[in-house]
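The letters A, B, C, D and E name the chains in turn, as written, and every chain counts its residues from 1.
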């Protein structure tokens, strides 16, 4: 294969496809990083919320609700789910000393249940909603499906919107304060309960949104929640716990590492390489690429 | 008007506040004295809603505070400067201060900024350090921040727990000046202090607590009362 | 007189642009109480942090018993006989009072006992008992440290520092939050300590400073402003202006 | 004078003794009625209890949650399997497994002990994933299919010999080994060094100022935990005759954590009970319904929410009260109204 | 009469849960039919089902329970190849019989074969023989690109097809092994395009196929390529998600619901009536398994392991796929293999290879 061919057919598409995958990962990681960074809760059931979003989209889509409406509707429907989860599971253990561990454990339990419940309701088989934007475009000889182009664009919009809310409003500081010292925050007038459940629900809604958006590409099945979650966790860590920009940079970077490693070394070793990157990051820069959330 | 009657609170099974009655009128500063571990802090925490009273009433104006969530109590006009300052780590000085704005609902952003800038004028040290993480401040600076944070909310009732703890004499004077200023504005202050002498200079009335009960009350101006106070505290 | 137990020379550190401690030099004599005073934010605790290994100095040296210990890890400093308390109470809140003390006293045991059952650590046990009595905490020995009132916690904090029989003890505002009675008791206690240890103290209670100190170091904006015997320092107009605020 | 930690440890020993008695009863009954399955299931439960024990040593004492402890279990298992296929010697296999895990744990510990808290959890998780993936890809280790054909060995103990294929005999051998590991851990925790570990969990930042190296304490704890996991893992191929990469996967680590939580964190004996309980639950509910994950998940959540101290945490105070001297009868837990993390507070 | 118990260890959780579903349905259907027709030697069949959890460790534990507590003489259902191997070893040590109706890995009836293990479905090599023959008839000297899942089954299917196809003159232009549960296959598309293949052989399964093929469709790769693959690549479990992306996919399989025999028509109709979906090859092979056992027990006149083993070796019995025979040497079932092409959700049969031509050599040396 000559060099030009390699560039046009192999390297360039690899980078571009890596980008699309990166956006998908960032979408999933976004809610995770917010819950982790602001509430200090490791939500192990995030992947299952992502799955719930996808299944909701599937079920509502089957009832002839338009995809464009679903993009709004599903996250809105996820909000109460997030609130209830927070009230019933997170709140009771939130103010214990080992919050990290206990919340990690309850949400892990929830993940086990959610996966099984989805299977109970929707069956074990793989399903897929139709692609909302069919067709493909060719840019500089690289073929890219239109839906992926759309995904990259909407991904950017969502990230920007979320970053605005978290960084440009007082919300970030408020949530962090409430998470750290609920009594003191409450004594400054922060409506602590609402802040907790609101933040959690927001993260859950983002997971649901990711589910709606990614289902046409990645299909829907009960265990789909496990799919992105490892990578999303890695992204959250490498990006700096809770940092939105960190998650974006790390998401795009790691998927490139993955894409190029699968090309140059072998796809088999991509997982170890990506995890190795995470481990190396933790060892040399435990705080991650960027600082924590809540700093303006 | 603050009126506390028959207040009791517990930590688990230990009965800490044992039937306290206390009232304050606008513009009144009440000194709360007592040895370590008698329940002074617990009393303030109970009023602020951190500890739920097991019985008794707490009324501020016509609002009954007992049993409310701390944020509701705050919005009813109660501000707490806690004993160990409780500066939020991971938040800058300015963020710590802006959070104080949450105490009041419906204030415009520009009004909020004005209040903050006023506070900075009073505590120039905080302006200097505004972008530093709150917890990296020195002990004294943290105390200033803790007070400043509550002041931006302009509360009716201010609960101050050992504010002079760890402060240099110059700053101690400053702190008591703030208390005096609060009083002049018409706020009520419950001031817990070990620094009895300086505290008395700003208080109207005082109470002494022993094992969760009020064992002595008196007027700060009254020489006899003061004598009894010194005796009770073995100063 | 023998060589000072602690010699600090030209110690500096900066946080970002801020020189929190700037070329500070002083020495603490054996069996004496040396007190560091200064306005809030002068850099006193930061100085302590560098001496005790919690922060690495930017420049300068710290000698303990004539041995260079600059930037050594806290556990090594402990080995050299330095012990410190914290301005913000820093105990093992989920352990009982006795356990807190025993943990501190355990370093007295020879290393080879580290892997023998705890009841063989007789010296640590005895020390714990002695500390409980000396600090009047015996009736609270099985109480969790987190459940003590603030004043008791401050006392326990000192006891913990002392349990390891240090040569030099750094106390950061030990009487903070103590009632008058307790403050007085603590002062007496600190005074009595000098039989066994040298004390380096940070304190704002000026009465206490005057009463206790043998030597006072005044800090202001990171620098050493003055030093000398208590009375002389108090009379210094510079100190008056910077610290007491009524020159 | 008896203190609170020693007292709770003694209460744990009482419960451990109870477990041994129950195990012996099972052995007698099992051999009387000629059962093999339940004995072997119990053996497996004990082997995984060893893994849970190592998780509890880390989590319950030094406060470090490992989400990848199965890594050392797996290393022990693979090492033992490889040795057994060449030389069917019990002692050689155990020795090799111990050596191998020790070496690997030094490397793993150097990496993992650079970080704390959540990061420790994730790094241990990451390490286990990487190694599991590597094993999954190595043909010589059977790759994804794992290795079968590990012979049933005879275990020589002095003049006696027990076949690993003998359900009662092997059950007793495993019981002895796991209880020995438990005893060794308990002993370790009752030494001054053990108390330093407890202190680490309570307030790590303060420990160096008492004169102890945090790094060293954490490292020793990590190595000890890895060894326990490795030795337990070494028993697995003797029981089942195969190893597969799944032994290192997250589910294995996760089950160990679940066991510890169910049994009670920081009680040691809770890890053993939790593991036995989990195996029973899975086996019983698994035969009723396909959707047993829902039940396990619910149980697990309920455990964390309503029994934060686990099964043992529930029972042990009663035992403590029974064996306690008067002055220790009442200890109340601190009420939670303080801020949570000391981490960022200035020293 | 007391029932004959058959143990079933098959996944109901994990990635392979959909396959386990087909296995269970088919076995239940077969058991119901057999019992309705008077059972085996007059004894009814009962199935005892346990979850494989897709891991060998769980499978072995469950299998042991079935062998020792429930005292089954015969066990089937394992999906994960590692689980099949581990359970096989257990069966051997317990002197019981185990079969798989799903696992492909050649090793099960080759280098890791066991006297107590039988495979009732077609292994990787068999599937390839028919498919390669058909493919090279269509496109002589075809340029083939291979994409397999990265585990033993994936590697053995690719190796088997490659060997078969190269023997017939095909040209291999590249291969890649993607990790199981890959999300995005687009990262391989560049390499694939650059290699300019005419044919692509894939052996991923389940959700992975759904992703791979729909992503190929989105990227326009399906337009110019003939995609062929392993028999488990497309089944009723992922057909729904694939939609049009499945069209034209060809595979060598031991089964298609389209097989035009009365037995199969009846089987498909019954299956659909009971479970509302078509059986797939796992269903068909599992269904046949129980009939093989029935035939063997009746031939042996006993459920004794040694006797049933002897009866199974060389046994020929009837299945919806037509008669199958178990080769005595390695316990691998021989059966005619079909080339099946998918056309709008239907598995059209387009070619057929006889059982003898498909099976390949017996390399088992253990017994």
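Definition applied: a contact is a pair of C-beta atoms (placed from the backbone, for glycine too) under 8 Å apart; a residue touches a chain by one contact, two chains touch by 3 or more.
The structure displayed is predicted, hence computed values, not measured ones.
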Report the chain whose mean Cα position is at the greatest distance from that of chain B. E
Identify the chain pair with more contacting C-beta pairs: B-C or A-D. A-D
Distance-wise, how many Å sit between the C-alpha centres of chain D and chain E, to the nearest whole number? 39
Centroid from C-alpha atoms only, then distance chain A to chain E, rounded to Å. What do you get? 36
So how far apart, in whole Å, are chain B and chain E when each is placed at the average of its C-alpha atoms? 75
Residue numbers in chain D touching 2 or more other chains? 137, 293, 332-333, 337, 339, 341, 345-346
Give the residues of chain B touching no fewer than two other chains, as numbers and ranges. 11, 50, 86, 89-90, 136
Residue numbers of chain E (touch at least two other chains): 13, 150
Touching chain D in the complex: which residues of chain E? 12-13, 50-51, 55-57, 60-62, 64-65, 67-69, 81-82, 85-86, 88-90, 93, 105, 107, 112, 150-153
Which bits of chain B are touching chain C when the two form their complex? 11, 34-38, 41, 83-84, 125, 132, 136-141, 143-144, 162, 165-173, 194, 196, 233-235
Quick check: in the complex, which residue numbers of chain A touch chain D? 42, 89, 92-93, 95-102, 104-106, 108-113, 115-117, 119-120, 180-181, 183-184, 230, 233-234, 237, 241, 268-269, 271-272, 275-276, 278-279, 282-283, 286
In the complex, chain D residues that touch chain A: 59, 63, 65, 111, 114-115, 117-119, 121-123, 126-127, 129-130, 133-134, 137, 254, 257-258, 261, 291, 293-294, 296-298, 300-301, 304-305, 308, 336-337, 339-341
Touching chain E in the complex, chain A uses residues 1, 5-6, 9-14, 17-18, 20-21, 24, 116, 119, 123-128, 130-131, 136, 143-145, 147-148, 217-224, 226-228, 258-259, 262-263, 266-268, 270-271
